[in-house]
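Step one of this worksheet: look at the structure below.
The letters A, B, C and D name the chains in turn, as written, and every chain counts its residues from 1.
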Amino acid sequence: MHNGESQNGQANLATPAGINTDLLKRHGNTGKLFRSVLLVTGIMFLVGIVGIVLRLLEDGTENTRVWGYHAAAFAFILTTAQGAVMVAIAPRMAKAHWRRPISRVAEMFAVVGIVNLLMFIPLLSVLPSLEDGRRSLWFYNAADPILSKVPVYTPHIWASLSLIFLVLSGLMLLWVSSLADLATIRDSSSGRKHRFFAWLANGWHGTSKQWFMKYHRIGILGAFYFMMLIFTHFLIATDFDMALIPGWIDALFPITHAANSLQAGCATVIIAMFVLRRFGGYGDWIGLDQFWGLGKLMFALSLLWFWFWFSSFIILWYGSRPNEESVLNLIIRGPYQPAFMAAFILNFIAPLFMMMWNPVRKSIWGPTLVATGILIGTFFDRIRLYVSAYSIPGIGDSSVDKHMLHEIPQTVMPHFIDYMIWVGAIGGSVFVYMLATRIFPIINIWEQKELLLYKFHKKLHRTEVLVLGKPD
Amino acid sequence: MQEHIQLDQKQINDDLLSGVLRTPRWWLPAITVALLVFLTGMGAFGYMLNKGVGVTGLNRPVFWGFFMVNFVFWIGISHAGIMISAILRLTQAEWRRPITRAAEVLTVFSLMAALMAAPLVHVGRPWRAGLWVFPYDFARGVWINIRSPFIWDPSAVMTYLTASTLFVLIALLPDLAVIRDRTTGRARVLYSILCLGWRGTPRQWKLQAVAGILLSALVLPVFVSVHSIVSWDFAVQIGTESWHSTIFAPYFIIGAIHSGVSAVATIMVLMVWLWNWDKYLRPDHLDAIGRLLIVVATTWFFFFFVEWIFALYTLEDPEIAMRELQVLQWPWSGLFILFLITAFFFPVPLWLFKKVRRSFFWMFVTTISVNVGMWLERFLIIVPGTMRKQPFVFDWGSYHPSIMEILMVAMTFAWVVIGLLLFARIFPLIPLFDIKEGMVGRDEIKIGRRTVPASIRE
Amino acid sequence: MSKEKEKWGMVIDVDKCISCQACVVACQSENNIPINSEDIFNQRRAIEWIRVERYWEGEFPDVKARFIPILCQHCGEAPCEPVCPVFATYHNEEGMNVQVYNRCIGTRFCANNCPYHVRYFNFWEPEWPDSLKNQLNPDVTVRSRGIMEKCTFCIQRIRRSKIEASRDGREEVQDEARSINPACVNACPTETLYFGNFNDENSKVSELKKKENGDHGRGYKLLDELGTEPNVIYLKKVDPSAKEEAHA
Amino acid sequence: MAIRSVLGLFNNEDTAADALDALNEAGFDQSEYEVLTGTPYPEGTFGEAEPVHKLYRFPLIGAACGFIVGLLLTSGTQLAFPLVTGGKPILSIPPMAIIMYEGTMLGAILFTVVGIIFESRLPRLLMGAYNTKITEGAIGVAVTTDETKVSQAEDVLRNAGAEDLKRGWETEQNR
């Protein structure tokens, strides 16, 4: 075991003042690379916005078929960036010390939620109301005297509310957990910057009461974010995906959708870590330990990916009722088989056979490579699930048999507007994230200083051991 | 964990071997009672062998009853051992140390009880149950049908049983050496053979540590597969209402962890009450397990909720009729309410209080309550499902167990009690070396006026 | 899959059924089914390979009875088959779902997974009064306790007809004496039941299937939405006066 | 030449560590002496050699064997008795995957357990020099060496402060 060994190797980083100086210097400076990437992603973001406008002007919101790739892009960001915040929450609750340098990296992905909220708006008008006769979580039935009283836009309302709360709680979490760091910046700056950060730090002085409240708020907001994430995935997966495919009854699917998000979230953070190390110059802070710890988590979640998928698949395969067969024919065997195979290999097979070797697990490039694969796999997986669901003809037409899909639609290939939307979604996410690094320091300063209290080396007879404190 | 008592190795040996080197006074009466219950159950089984499955309460719509419920229940309990020892070992949680072995042993014996409940007494021709899979029934010229979940079941359960037994035995080696050094005569010869000549060299200790982690990592995926497969016994079926649900595998797993970890907490309390190991199993441990249980129980409840939502999602008449029977018609309604209260609404709010989590008595009551509830949960999944009110209403039926069935169910409980008592008489139920290692690897950090517990990592 | 020579099946004209139970009795005596005493019946362990379900509609005096004979549907994709761990039930090349008593160990998995509920378990050792012991059919196994059983389409009759045909050197099974029909078909006074080979285009059942399938035909399959592909076709004219609620 | 062993018993970790240093200085090879403890200590506490093991190979070999056995069993039984059940294909891959998975895991676990016992150099038939006080907290330093060097080892141990000295016989293999 070499927990927490590699970072803070330099002597000047082993004191609170040293940590402050180093991280504040990094926070204040922007390199040429940073600015040019910011410019490029900003342009990508604009392209995406133009794409959405073009789509609205050209096709309107009547035909769901053309909106499949947009929905997939939305689900992709929901799965990756918004899942990434969990990497800050879960290891913090488990009191793992290796999480300290990356908890801010992960939390910061909460800002990407704003981009996703924008992408969600057109989808709301694309999704038909409950009157189209499909199945729904909300149990609408026009023929039933009681169930017909359900408002026909219930899914739209609840999904928007949960997404808004998810984004808000993520931003709150980011703000609360960086209060102490904002105060540090406030204290080391002057002028307009000082005023701005004083406003952001909201009177943080580091009293024990403030610290106490901060720990509690982080805990509560973390738990709340987790619950909102599961809930949002639950609603999006059922109402915006499963319900659109007639005959698809899969109680596990919403949970699979959420579990995929945790896996893809880990992958996102690992890639962010790699970029920070390679291009951001944070090599002293983000080390092997972080890759190792998060890599193991990602490995476990990759196995979970398979377990959840197989649990669904075996039931549908074994039951082989016509409605189940048609669903399998649509999303696994049929037009989207290549996408499924890509997801299967990149989300499960590759992580399994690479991460089972300790040398790969315990390296920088190993987890990064696997994480890249997982992101690509998730990309194909979301396309498979959403493009297929939105391509079902006749959605919104009450003549469609809600019990079974009778004809498997053809594969929908992306239009150039779809490419624009995808470019915008990814570019916009990176753009917003990079802007946020200008406000919040990307390495958690106070958590690093806290670590100095709980970790030291000690001589034990003829050997030296690491002592890690675990406060209650 | 604030309180910590530093003990020397001799003290630990004396305390923890008290049940092995001497026979506690309650031990003989306890095992006699358990043996009597077991033998009565065996008698009932003999009677059933003679007369046929008719002596149970099973009938035409309800083909699976108490035995299957009990099978799932014991498989569920068996998930405790690996859950506690493997997951906590991999996450290096210090509080696992005193409870790992008891949990693993519970796994082994409850798996055996499960095997007793399902293939043995469940089938119509138990004398052929052995030929089910092992050895293959080749004399009749036909192999097994690997497409059947009832073949996946034994392959998973046998793998799990083998793995967990070996897991226990490997971790026993150093402790057997301690007993060898404390005994004389024939017992010493026996323990000398059992401990394979353990000496305690750095190499042996290192492999012990690696083995713990490696075996944990290998057993964990097996543990997940076992209950998944058990759930697929039900979920693959399309002929029975309310079972054909994809969520069954994770739902059963999390339910199994809920009941299994509760059973471990019950055993912990019993260990303190019976052997006075209060220096080793302290309220801290119960507190930690109580916190874990809150998370597990809530997750379980979430899956339960999702399962229900998606049962109603289809809005199909047979499913709704089944659910209506399950919750609105006496006596199922009463059982359903009892199940909800005992499995969730009684224990979980109580665990939120630190006082309850740290009280031996209350943890005993609440964890027993969880297992009553989880037993009922399986009952309410299996029996109303098979009663199938629709679509062929000609086959409505009800079910109540016969006395023979109840005796055979009691037999499996008695078997687990006998197993644990015998094990505790021969082997230490708390791993000595794990406790000693915890004492060596223990440290403290002084920060100002406060002392923070710390542990040594290599 | 290559087309087999035979695919036995049945057509049941529900419109003709008068619920006289002749098929049930014929089946009981042909297939050595134990006597369902009152006691056994109350235990809900009665065995009847074919049963006539009766549904009442409406309240007295405006009451209607509807009948439907239900037997093993010999599904093309039978849910009962793959779940058996010991291959005690499988699909044979004549399109039938067969039960091998010797292999059965009585897990009752198949019975649970049968949506038609036509599999029966021997909870007790079967018993007959002395006066009936000599009427047991020598062509049919007497099942012991602890195993499953179900309708076989009177496979012993098919086998016998085939043996006779091959003995006489005939290619096709001639069936003037209706000896190949299951007992229930022969016993039915109203010709509700038809038995035959669906793969033989000239058979009566094929003719009926051709005639009654389609938009205007009366043909349907039980629980078709489960995709079990039964080999039994039911014929029933949709009754416009039928009420939604019916009860047993 | 006959192999003998001698065991010195120490009451605290520091003297035991000193004894190891002394043995090293006296020209004993690291393979000739070892520390016996009743509890695992962090590696290198006594300055002993770090044990090297190849345990990680065992589960891989076991998994491969288990996988092959599982594959042969599942595909073999289905092909040997091609009975159609429920319209499922004769080679039904999802059920095969389940059983092959269990076979793989069983193989891996069995081989791991064998590996643990083998790599721990167990079972050890001849105990050699041993003292029951080791499991009560004393630390033993055992020297396994040629008959000629035994008394020298005894001297070194005694000088390092050993409480109790014991001799035992060894087999060649235990060295």
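The rule is short, and it goes like this: a residue touches a chain if its C-beta (ideal position, glycine included) is under 8 Å from a C-beta of that chain, and two chains touch if they have at least 3 such contacts.
Being a predicted model, the structure only gives us computed values, none of them experimental.
Novice: With respect to inter-chain C-beta contacts, which pair, A-B or B-D, contains the greater number?
Specialist: Higher C-beta contact count between the two pairs: B-D.
Novice: Of the chains shown, whose Cα mean is nearest the mean of all protein Cα atoms?
Specialist: B
Novice: Measure off the straight-line distance from the CA centroid of chain A to the CA centroid of chain B, and report it in whole Å.
Specialist: Those two chain centres are 36 Å apart.
Novice: What is the distance in Å between the mean C-alpha positions of chain B and chain D?
Specialist: 30
Novice: Where the CA atoms of chain A average out and where those of chain D average out, how many Å apart are those spots?
Specialist: Chain A and chain D have C-alpha centres separated by 44 Å.
Novice: Return the distance between the CA-based centres of chain C and chain D, expressed in whole Å.
Specialist: 65
Novice: If I count partner chains per residue in chain B, which residues reach a count of at least 2?
Specialist: Correct list: 142-145, 147-148, 151, 221, 236-238, 456, 458.
Novice: Listing for chain A: what residues touch at least two other chains?
Specialist: Within chain A, residues 314, 318, 320-321, 460, 465 contact more than one other chain.
Novice: Going by the touch rule set out above, which residues of chain C reach two or more other chains?
Specialist: In chain C, 77, 79-80, 82-84, 87, 226 touch at least two other chains.
Novice: What kind of graph do the touching chains make: line, ring, star, complete, other?
Specialist: Complete.
Novice: Which residues of chain D touch chain B in the complex?
Specialist: 34-43, 46, 48, 51, 53, 55-56, 59, 73-74, 77-78, 80-81, 83, 85-86, 88, 92, 95-96, 98-99, 101-103, 105-106, 108-110, 112-113, 116-117, 119-127, 130, 132, 134-137, 140, 142
Novice: For a test of understanding, state which residues of chain D touch chain C in their complex under the given definition.
Specialist: Interface residues on chain D, with respect to chain C: 81, 83-88.
Novice: Hey, which residues of chain C end up touching chain B in the complex?
Specialist: Answer in residue numbers: 43-46, 51, 53-55, 70, 79-80, 82-87, 102-109, 111-117, 120-125, 145-148, 223, 226, 247-248.
Novice: Help me check something: in the complex, which residues belonging to chain A touch chain D?
Specialist: Where chain A meets chain D, its residues are 310, 313-314, 317-318, 320, 358, 460-463, 465.
Novice: Which chain D residues qualify as touching chain A in the complex?
Specialist: These residues of chain D touch chain A: 13-14, 17, 42-47, 56, 86-87, 94, 97-98.
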